[in-house]
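Next, two complexes with subunit A in common: one pairs it with subunit B, the other with subunit C.
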Partner chain A sequence: MTETLATTPTARPRAPLNLRNVLIRYGFVTLLLGLIIFFSAMTRGFASPQSAVFVLQSVSITGILALGVTATLVVGGFDLSIGSVATTAMMASSYVMVVMGGDAVTATLACLAIGVVVGLINGVLIVYMRVPDLLATLGMMFLLVGLQRIPTEGRSIATGMSMPDGSVANGTFSPEFLALGRHRFDFFLPSLLPVSVVVLIALAVVIWFFLEHTRFGRMMYAVGSNERAAQLAGAPVNAYKIGAYVISGVFASIGGILLAARLGRGDIASGNNLLLDAVAAALIGFAVLGASKPNAFGTAIGALFVGVLLQGLTMMNAPYYTQDFVKGAVLVVALVFTFALSKRGKR
Partner chain B sequence: MTISHRIRNRLGLGLVAVSLLSGTALAQDMPAPFNNPGDVEIALVRYLSTGDFFQAYLSGVETQAAALGVNLRVLDSRQDAALQADMVDQAIALGVDGIIIQHGLTESMKEAAQRAVDAGIKVVAFDVNVENQAVPQIEQSDRDLARLALEQAIKDNGESFRAGYVYVAGIAPLDRRDETWREFKEKYPGIEEVAQFGTMDNPIANSVANQARSVVTANPDITVMFAPYDEFAKGVKIAVDEAGLTSSVKIYSADISTSDIAAMREPGSAWVATAATNPAVVGEVSVRALAMMLAGEDPGASVIVPPTLITQADLLDKNITNMEELGSNLPQFAHADVATPDWMPLPEGRE
Partner chain C sequence: MVEEAMFRVEGLRKSFGTIQVLDGVDLDLRAGSVTVLMGANGAGKSTLVRIVSGVYSRDAGTMTLAGRNYDPTTPAEAMRAGVVTVHQNINDGVVADLDVATNLMLDRLSGKGARWFFNRRRVYSEAREVADRMGLAFDLRANINELTLAERQMVAIARAMSREPQVLILDEPTSSLSSAEADRLFALVNRLKTRGVAILYISHRMSDIRRLSDKIVALRDGHISGVFEGPELDYEGAVNAMLGRRVGRGDLAVSEGGDTVFTTKNLQIAPGAKPFALNLRRGEVVAITGLVGVGKTVLAEILFGARKPISGEMRLNGRPYAPRSTHQAIGAGVFLVAKDRSDSGIVPDFNIYENVSLPFLRRFSPYSVSNRKAERLRARQQISELGIVCRTERDDMSTLSGGNQQKVMVARWMSQKAELLILDEPFQGVDIAARRDIGNKLRVSAGERATLVFLTEIDEAFEIADRILVMSEHTIVGEHRNSNVDVTQLLAEIAGQHKVTNLD
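After this line comes the complex of A and B, so read on.
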């Protein structure tokens, strides 16, 4: 599957403007606008700045994870461990503050370190040990789900919890750390923009610029589209691939930090839903503007699309299973856009 | 031979004297087979084990088993229904005296429980109906949990209010709590349910927070949120705080943990009350009911552990910050006077 995901060439001649190409290029964006208009008309309170912000907030964590996984998709890989990296980072930050009594900076650095280390291990397993990417990161996923529970014997971490040895953990989440999940910047309206949304937008811009406008980014696309050719052209393919997994790991750990700051406790969780939603956003991103390849802008729009859909449906009292259904349907349609329509248009 | 008899009698006398002096229940006071508790082995066969609730349940089972002096063997199937059934067979093969089945699916556990009963093993079941007359059910009464929380909601808000309700169908305890919610809506027509939502997507609190955020934005006139599961309540609280509606919405829930206590104690917290059974107490009761059966007594077909209502005011007035303090300040939470015949030794600190 990894072959097919990223083999489309980076630069291809602009297709003539017939109906199909217009549909492929702007179909998804139009659909998104249509949805926003539909929900604004059908529900109270959807068309407001606050609502726009919480739609963004609801997808900020999965969006950040999705941007990370986009980097691995670009080099023709895949990272199944992002969900569990995020929850492991959440547990680690809680552990540092609540059990070890550390401060916000230590907790954040510990999480980022986990992201880097996991990314490096994933990369080394895939590049040097020749373990297929899906299998290596699947193994890492299970490993982390177990690892995050070992220090507390499966308990969630909160101030006042009893430790396995009978003592009580008295550390607290530091206010600076909680601010990462709860502080809001003034933006037109007072206290409107949560930190997580700002982080999402900042990371989206950074990774977009990195992938599209730097030599490193373009080389990563080259590695993804034809590894052998990139190697013959003298690119350090292995370093780029490992780098992509490190980016993915770090982004996932940032997601985990924001999650911990929002919940204010270390919740044992597999993070599988985070993984699935993030992958969905990245795959939907293939279809945005007819890119037919992993790209940061598309991933951000994909995440936004899922967020608008889910929040709108919730406002209309749609139960959770219909939301999963709709999410799946959107993903299938997006994949059809990517693989069937655009390929025919190209040839 | 005679000497050994004499020695044994002396030892027995000495032990009786000690037991009279200390006043604690020693093995000699207990009926067979607990007069020799080291030879008794019981098995706990679990379906669910991750999470605070199940950790606390296990600790309750462990402390009561230690108080009795029996050997405990824990078999954990980690949500694998087929494996859980195999583990019952494993316990039968090991020749244990009693089995506690903790959660599971009726379909997979019914026959396994019957095989254990046929093998002459005493069985009790917690929160899983194995459809067997010989197997008493240990229950935390979900209907009572919901009733206590809703009665408090009516006490605080009157008989008519606009409510949001968090529910996911198909999960047995939530379904039982849902029955009570429907009864209350019938009994008090003034309660208007304007929104129903809920999801079990992991991490649950985060997913529910996203949903609740949409719900309170679409329905800013909601004054009561009934979230009968603490992960739901946590999510609703995050959303209500983020939407700046902390002072206009009150959250009523079920279950409790140390982090829940912290959330309820926050200044002006919207989470005002929860009804809970102490999972550790449920674990203790499970072992006691099994012990009664081993001693030839009948704990009854269903052993119900009553829940306790815990309000924000209780937590603040009594300065309760974690589960231990909750137990020591609300005695009805720390111990349930259920399945306690006179001979039954209780874990330390229980009255």
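After this line comes the complex of A and C, so read on.
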């Protein structure tokens, strides 16, 4: 007996296992599993690989954006411009291929460059111009929404469209580019996994590893938690903050590339919901496993949660116009989990 | 007693949890007189002010105002009774986006009996009256943003005075003012004095105290440790009473130190300050002491690369040392345990081992991939070496007591080899036992590096230092080896009388 008392403290410290802590820790994951079981029982076809892939595909683009915005949340910031970065990237890739006759690689590189540049500008506005993050990225959002309409005078981009100068755009989306939106990899079943889902999973793993298992990620969390302490511990705080916005911009532009490839045209009206859905997923992620902080795993689960819920409800014939209500309700519940129940609220 | 006190506090007690902050405080304030309250950090000054101004309730004791029982339960009640407090943070006393007139009348715009509609002309005429009475000569239409700090301070005081208080409490009013600005404030204080207001003036600045005080009260560890009155005030005695005279513990083996690690030449740390030289040796613990605001933290930040000196050069192990960032300082082996751990040290979302390894993550992370096992091992060693009371190295910082949190901060910077370890007020908000642990650890491990500790309390310097330097007005004014220290001389230097003694 005395030996057990004298052991060195190596056991993982856990808050006492009372109902409240179990709820905080596993509540959301349990809810997700419950939903999956419920929908599998109630509808035919929900519990199938095709349905699972469909769920993943439906959340892939918002999920990628959400993973990017998670990086800015980690450093204590916020990025409202991700939706418009994605749509700008979509328009830019269409413009490069359809109007300028470029190939898939050029279009992709142009999009990524847009993501980097917008991220840098956001970061500089916030760090050096001292514009509050919400306002800087809100301004950037407006700017981009307007900017993407200027080259075509507000028209959507598709092959054969007439340009402002009267000519006709004869370029086409290159097949390689369209494959990003339409190709499916074989995975147990032939032609199962769409490219966007593979990209989502890959990026989720990358950002998760970056945030949880590299010193850069740890420093970003330190910056978000106590900026001055991080600075006095030798962290180049400004570089980390700008870096977070660049990550966010690049992820958003990847989302835009996939969106363009899926639609096959530069649709001026698409992507309206991207921002809200992505932010919701990242915030729901706070509640996953009781993290109470932005985290990549939680964000991925948050995106998945919304996807499962919407897919299930759709299969149970819930009308489409209830979707936003459902998402909002989930977000509010998740925020209550995060702030009211967990340690964050007790500060 | 020639004159009855306007405001009297008797046997005031207050404790937070198990900590007795005020332990039977008596205080008299007379009409038309300035009473200066001196006290080191944590002596209980701010608690006393908060009780008198109705923010905190007291555990025991009585307060009387003009002979009547005074028992405020809210700040508004204290104000209505005639006790007005101007707090340290100037911008708490004014609303930045409004003009001077509205600020002066702010208290009359809300509360019982306030008018529903804002009558600009009326507000201006009333504000003019208040400003004239106080001798304020600036444009009432000016926005607060356009005023200097001193002017804002005066608006805050005038606003307080518009209620015709009997007692005015000024909490470190000059802490962010230049000396010219302070002069204007003193003129105002003298004006109020002639109008018969009883003034309690809280300050660390000896120059202020010399200018204004009719009486000095020193507060130490929750009780009054000295009251000084009469035509010739004993300033040294007051500093002594505030800091407490307790000469070295005797069991300290004072070290001469080994080779020189760090030197400065003609280092000027503030505009107009006298440049100075500093010489720190391996194996030696040097304490720099001095009152609050004399440049201790400024110097600490300069050495750590968080701030640039005005001029002068620094050398580390003989090589020029001019860090442009904290990152470079850490790379060179200069570490700082910063003052005010909750603001500048602790990362609250991180647990103990993550807080310990934070500055040295690169060393723990081969190919930048973090190795938590190694970090935890290092933290565990530090926990046992410093005697940090916790369950495991994965405990949240919020579960630790103040003393243990400070130990974690010290553990962080002792977890790797330093050339120069700087600690800025490492004993702030730390209990006696933890203070002793940290002090012992500092001395035991001092051999490998130079150690520089900034301390306001001279007791603490006597406890841990081999050599004590005194700082005043952003320069070094005295040096003492910590054996048979001439305490009178030391106190005189702290009190800023080095020039006078030099002349003698």
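As a working rule, the second predicted complex is superposed on the first by the 326 of 347 C-alpha atoms of A that agree within 3 Å, B and C clash if a C-alpha of one lies under 4 Å from a C-alpha of the other, contacts with A are read in each partner's own complex, and residues count from 1 in each chain.
Following the convention adopted for this analysis, a residue touches a chain if its C-beta (ideal position, glycine included) is under 8 Å from a C-beta of that chain, and two chains touch if they have at least 3 such contacts.
Keep in mind it's a predicted model, so treat the numbers as computed, not measured.
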{"item": "Touching partner for A:215 - first (subunit B), second (subunit C), both, neither", "value": "second"}
{"item": "Which of subunit B and subunit C A:149 touches, first, second, both or neither", "value": "first"}
{"item": "Touching partner for A:44 - first (subunit B), second (subunit C), both, neither", "value": "first"}
{"item": "Most subunit A residues touched (candidates subunit B, subunit C)", "value": "B"}
{"item": "First, second, both or neither for A:233, with subunit B first and subunit C second", "value": "second"}
{"item": "Touching partner for A:325 - first (subunit B), second (subunit C), both, neither", "value": "neither"}
{"item": "Partner chain in contact with A:185 - subunit B first, subunit C second, else both or neither", "value": "neither"}
{"item": "First, second, both or neither for A:314, with subunit B first and subunit C second", "value": "first"}
{"item": "In the complex with subunit A, residue positions of subunit B that touch it", "value": "49-52, 55, 168, 195-207, 209-211, 213-215, 217-220, 234, 238, 241-243, 257-259, 261-263, 321-324"}
{"item": "Subunit B contact footprint on subunit A (complex, rising order)", "value": "43-46, 48, 50-51, 54, 57-58, 61, 87, 149, 153-156, 158-162, 168, 182, 194, 259, 262-265, 267-274, 310-312, 314-315, 317, 319-320, 323"}
{"item": "Subunit C residues within the subunit A interface of the complex", "value": "304, 306, 325-327, 329-331, 336, 338, 343-350, 354, 358-359, 361-362, 364-365, 368-370, 380, 390-396, 398, 412"}
{"item": "Residue ranges of subunit A touching subunit C (in the complex, touch as defined)", "value": "8-13, 213-216, 218-219, 221-222, 224-226, 228-236, 293, 343"}
